[in-house]
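Please go over the structures that come below.
Here come two complexes built around chain A, the first alongside chain B, the second alongside chain C.
Up next is the complex of A and B:
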């Protein structure tokens, strides 16, 4: 399983460009370090959510690549995208723009994580 | 109860009732009765005060082709035992193929349009549908299918399934069905009881862009159904099942050319037509037997009078071929309307795919669910702006309670047409409450009670049982009961000799009246608001789930000592509610995350994805009555933050506080993730 974001790089990928060793960023400033750590945390949180709601322990196996399409690989259907959106909005206090096709934002693990991390209202998980 | 005067979200144009079939029927009744009824409210009062006369007049107006005697209209005594037209005979299928009552439905008119998520489209004229039904019926008869035989369908919602369905019914055999994605164990618990002789099945079915192969499951199922003699594969995938003869549908269709002449045979008005499956709170699922004449009579009333359906209409009700709304939808052929079948995911390939089909096919009456409308709203869809819905004149919603804000959303974002929340279900293969032409629509309410259905709110005042109709002022709340005979009351439960289980299911709560299992509020406006289930049956996003089905799967987990499955109102969830499973562990504190996921996985595969709880929480104990019986009702109240209505009947009421205060449960009540 590829634990790194590939392609379509948004701001979190700045950190990835420097690489990760032992869960810490190398050569990244404090802000980047937060983003890098958040990517890993958030990534795991999304996988947990997929397990809780759809795949019951198999999500990580099903997601072969962080950029692989959820739709094409049977990870989520449209109703699942809607549930995912509600989960992210509640957990991370962000408002997802529903005037755009959710699948464009959410069709892969990497896209979801980057969407949240770059959202203007994102300040980490609600306490 | 009292209420102010709410403003309607939809008001019909002046004269709407007069232009409708309901208006025509009202005038017909006035002519026959020799007295003025005046309006729909008066017609309703007549229909329940003089039930036999009402139903006799409706059968005459609708042109039901009955042989034998048309009297008595209602034979026998009481709701539990009454039989409609006990001395008459009819063919259900003939009424669908050749609509009664002078309805214009020429052989060249479109009877059915079949659509699927991959974009396939098939259209059959009325003539072609009748021809195919005749051919397949003849082929089935040669294979020994006849009156009294049970046929099972595990089929997609396609024109082929429709032909198989009608051919089966035309022979006097009964039809039972389940959705293709239902777990094998659940299908067996249902179909095993009726011992089907023949199975119609789709070996593969598309869903959300992927093709699911059902062959392994079909083989496993067939191996456990010793009654099964034959399987007919509806699609083109080869199907081989050990010990059972399997053949393609095309063979049945192709072998009897020239034999499709003549009207289908008639059977007793009350001969069994359908055996529908329904989850109860405990025990095995109910196999509900519905009669041919009663089903037709009720459906014609609902479709023609309440929905004003006729030859100019195209009806698309989103359903699988395994839900009772399928049977309801197909009956619309008897109104002369075109039936639009859709098979597949409603959100594929686009989030609003279903609405684009409604637009493209110029659908006039669209039936859907509260869950789907909620999804569209939550997704920010604007179907009315994105599609040409100008042909649409009515939207019906069923499955679960339609929340008040969805009425405003639909009026603004779908179309300025009436939105009827209709409610009834598998038990009556129809609706107790629905809408009517000429009636305003109020948020959260069904605009009218079904004509001829003496619906009341049952409640106790001390030891006295009150059965109240819509009051003159304000509103009344209670359990939804029906206090007079109605045509689609089931004939009974399959295999329930003597009717003991049937009585316990529907007549033991309040002697002499049908108790439906819903809580209802009836208003002075003649409207009804369904408040949810009054029994332990779960209804999560429109899917009805018997807690017993969950408990049976949990028996495989020795770690779990006891469990209660309850529905929690959750404003932050799609559909506004979620399934919560409370578990008492054999060893305190042993509900680990891997075990939670294992339980969920087992429920998903052995029951269905709908049976998977959103939340599983460990509690120290479950509320029990003094004789030790689990009280799901008290658990549900606690999960929803309510004082238990039956607190005095519990031996361990202190556990309710623990359940109510559990952080994960409390969070959802406030709209959080939980």
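Up next is the complex of A and C:
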């Protein structure tokens, strides 16, 4: 199984995802179907959240690469990082470590997805 | 001595020469910076220097304590983990008491005692508390933020505990940012102090440009507007005509920007000449088209600090404030108001901005609900008329909010506001064209940063260094000729 995420994988929550681009799925585990699916799915959910709250269909255009900085590319501002943290904690039943510098650790799509996927309490989205 | 005073012109050039003549070793460069910074501090108050040095040493001891008590590993036995965490919490508490305790004592104890006395008197109660007033240690509001940031970051393991006393004192006492910031972060500056600095012609030229711009804003714009328009009208609110009140308000808006953005540029430029890069503090704030955008562009180092150490943890933590994003803004801006000064007028200013952001958050939620229904609202939001309306409301509100920021008391604030609606009979005395020119400089400074002028700016930046050097020299000569000598106050040094 190759390690690249399939662009646009996962159902769009509100039908925003027109032309979602594929990105580098660095965090996905090798030869692990479930992890790769989870990366793509979680990646899509984060994009949907960004569309739903900030970019209304333009998030995928703004995110040129999974490792591109959210701050530098105008994807999120400071308040957006706090909202993103609350969204992840609520949706995935995880607790973001208070010692984390949100701007540094959540500053790209890849960083966010990897953080959630490798979180010790992550068991998928709350039903 | 401050960076915009004549004395600095005698202090800095020999220091700069000596700095670059020294062998390129970080310890030697830091030692010279520490000596120069302590001398700079002593020119303001030699009496308070021992206190500054003592509290700096206490902080260093706390930081070394963190180094000796590393954060426990997840797999460590529970009892051992708890003991180590307890020791680290104790160290953090000691550091916070050392810094916030001093700030509270010097800046706020008089205000709180006085307010309590007034409240007691209202109910006919006594006896009143003694009201102590102390000389405010130079830059205490700014360096307290820097130090607390480093202590919290080290406690959380975001940065390694600083190892060298010289690096620590150079970071805390660095004279360009000692009086009014920008508020430095250990994560951004420790590496710079630990490495030897080498002269870089591009950096030196850029630093000179920042010094010239900073001096133009601080020495010319702020001084011209303060003396000619702002001070006369604010000192007698209601006495001058309505037009004079509006001129004073517009003038004060540009003056505050010139005063503080100018001083920040002086600090950034001075640091760059010494091979150090300080964080940006202003990014053409008067181009902002919404309140959040304004606060991302105005006094950036303070607002980033308030977000990272107060707002973020408050609204994402487990307490009562979790998810209360709007209320959190009100709380943070009340703190910001109090940080600016221990008076009711600053608290009012903070409250106004907190409520302004809260109102914008609610409006934003409503507008986003429209965007979700129909993308036509997204296009509308990006249109020029929408941004123009947002810009006018943002700038208009900021101007009006500066009334309590500048007024001497709440009653003076009310008198000035009434003056805007129906002023007195006295016209502002005929003055030279200085204040109008100062206002024009602030407007042009902002307009030049519009994307329409990107190509022009790129062309100017590509001019040969000697041409840019001559242009800078001419600008400095102009400023030296036309700046009002000795006029104006340094607004942010009071904070």
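Side notes on the structure shown:
Basically, the second predicted complex is superposed on the first by the 96 of 127 C-alpha atoms of A that agree within 3 Å, B and C clash if a C-alpha of one lies under 4 Å from a C-alpha of the other, contacts with A are read in each partner's own complex, and residues count from 1 in each chain.
Methods note: contacts are C-beta pairs under 8 Å (C-beta built on N, C-alpha and C of every residue); 3 or more make two chains touch, one makes a residue touch a chain.
Small disclaimer: the values here were computed from a predicted structure and weren't measured.
Model built by superposing both complexes on chain A: chain B and chain C clash.
In the superposed model, A:98 makes contact with both chain B and chain C. In the superposition on chain A, A:44 contacts neither chain B nor chain C. By the touch criterion defined above, A:87 reaches chain B but does not reach chain C.
Of the two partner chains, neither chain B nor chain C is touched by A:118. Using the contact criterion defined above for the overlaid structures, shared-chain residue A:71 touches chain B, although it does not reach chain C.
In the superposition on chain A, A:57 makes contact with both chain B and chain C. Of the two partner chains, chain B and chain C are each touched by A:79. After superposition on chain A, the stretch of chain B that runs into chain C among 345-353, 471-479, 525-533 or 651-659 is 345-353. Once both structures are placed on chain A, chain A residues 52-53, 56-58, 77-79, 82-83, 85-86, 98-99, 101-103 are touched by chain B and, in the other complex, by chain C. The residues of chain B lying in touch with chain A in their complex are 208-210, 345, 347-348, 351, 375, 378-380, 572-574, 594, 597-598, 600-601, 604, 612, 614, 671-673. Contacts from chain A toward chain B in the complex involve residues 51-53, 56-58, 71-72, 74, 77-79, 82-83, 85-87, 90-91, 98-99, 101-103.
Of all the residues in chain C, the ones that touch chain A in their complex are 153, 156-158, 187, 292, 296, 304, 307-308, 311-313, 315-317, 322-323, 325, 368, 371-372, 375, 378. Within the complex, the chain A residues that touch chain C are 14, 52-53, 56-58, 77-79, 81-83, 85-86, 89, 96, 98-99, 101-103.
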